[in-house]
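To keep things simple, chains are lettered A, B, C and D as they appear, and every chain counts its residues starting from 1.
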């Protein structure tokens, strides 16, 4: 069971007037973690082995988010140190994958590390010129397969009160 | 079956480098529609009958988003006219509700109006001083009940390819 | 002395943890007012006579901001009614213009209307295909000339304490 | 002549549909650099010697931006590696300071490093409880004095065409 850990820096503007990371801003943190995990680095800078997808502006591929689901578990206050987004795959399809996340204040192995949100995004690989889904190639599948686990089941029915 | 229609203005910065409304920005549109629908207007300006919740900065109540789920159906390009967020309730609990949304380019009754996203948010009423969930009161329940429908079932398993 | 008045809706996420519109978000309000004032509306919806520039995605022209200057005069809290951005021109050059703004809680003619920020942006007209500045045409100049005034002088040296 | 260098990570959502960092988002990069430079780190994590100001949510002090001025020199495209914000002081007053910035793609000593924007912000120290400006204390002044230089003069009159 392999999982990636991606540090993501909060920004001051992620907080709203309740002094917590805004519910929408939390998904920006997921987006940044996902890009760090899966998009290749043209600069050749160190990157996880999963970072094989050339998907920035002008690239051959794009990644489109088809679906997202997020459970907010605790309000996340401001912290100057990056949060840790733990990331793995719940499904690898022909042209898409389900990315699963946990947002934590500290790395999971640090005592006291807490989970602030859990989420799943379905990401579709798209050919940039045609705008249509394209099949995952062998290099991509090989890079991502080690991070495949049983899908994350977010609480479906639990509601306060 | 009563539904609210809330016009929400796009901002130029909602677009990302793919020239579509960013997947995260789409949830900001939902947030703005939800606030317009449910938060009261201290100014006394015209507001829907559902706008009974005093939840801005300094108010007695807060609304916390406990969960969100969104299906993106079509890429939403830039448009100068507001999108229409259609909004209703899929569940009314003791201290929470499920808000259901459709994001459309045009009002639903306009020929050619298309659905760009469907979503559900679970919103919890919170007492601002204690930070704990508080029960929905009679005025709130009466205002919101007419918009209660069968819950929106988002596609759970459908995946491209 | 003609000035435009553009209503701009705040978003909840414009506030930061100080419960005021974030200093950066204030410039997003200016951007929205500027687009409403100067970009044409493909839909044919009502627009000010100054809205003659076709500058959205895929258009022939782009507008690039070359310079901005802003004085924050009062913290702007959350308000559900749109703020009013008053807007005029401080300079009309061959390929650029200086857009001057006042951000107000209420329209200027309403008693008690206060100024929260004053700003100037230098906006350059750019040919989208070449990426180079292009000259203002006669239609544009004619549409914008009535809003030309003496340039806004922002306080340069005043500092608290 | 001492200057700070603060790496700031771009986010995908900083780009607009022109596929460049949006003019407003550029000021968010400045904000993040300024906070990294001047706000203390409660965690005790390594920080520059200038990071002495306790100004987050719930702190005794706040920093308010009173004025900003920015020149955009080149469009900044997407890059996965952080930009470098070079930062120094152009003025140290009784209760305020002028923070000067250069936004670069690479650290200034790297051959080919280019300047994308230059800016100045006037930042006022505010007592959080009273909301009023408060005097800079000796510790703050001592920490910041080494970074004081002649003020940055942004081009005032230069305009394309």
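By definition in this document, a residue touches a chain if its C-beta (ideal position, glycine included) is under 8 Å from a C-beta of that chain, and two chains touch if they have at least 3 such contacts.
Predicted model, so just to flag it, every value in this text is computed and none were measured.
Asks: Could you quickly compare A-B and B-D and let me know which has more C-beta contacts?
Replies: Answer to which pair has more contacts is A-B.
Asks: Does the subunit A and subunit D pair touch with the same residues on each side or with different residues, judged by whether over half of the numbers are shared?
Replies: Both copies touch with mostly the same residues.
Asks: By CA centroid distance, what chain is farthest from subunit A?
Replies: In terms of C-alpha centroids, the chain at the greatest distance from subunit A is C.
Asks: Mind checking the centre-to-centre distance between subunit A and subunit B? Centres are C-alpha means, answer in whole Å.
Replies: 24
Asks: Hey, how far is the Cα centre of subunit A from the one of subunit D, in Å?
Replies: Roughly 29 Å separates the two chain centres.
Asks: What whole-Å value do you get for the distance between subunit B and subunit D if each is reduced to the mean of its CA atoms?
Replies: Chain centroid spacing, subunit B to subunit D, equals 36 Å.
Asks: Touching at least two other chains at once: which residues of subunit D meet that condition?
Replies: Each of 12-13, 15, 17, 19, 24, 28, 31, 56-57, 78 in subunit D touches at least two other chains.
Asks: What residues of subunit B sit close enough to touch subunit D in their complex?
Replies: 12-13, 15-17, 19, 22, 24-25, 78
Asks: Help me check something: in the complex, which residues belonging to subunit D touch subunit C?
Replies: Touching subunit C from subunit D are residues 17-18, 23-24, 27-28, 31, 56-57, 62, 64-72, 75, 91, 93-96, 122, 124, 133, 135, 154-155, 159-161.
Asks: Quick one: which bits of subunit C touch subunit B in the complex? Just the residue numbers, please.
Replies: It is residues 9, 11-13, 15, 19, 28, 31-32, 35, 39, 41-43, 45, 56-58, 77-81 of subunit C that touch subunit B.
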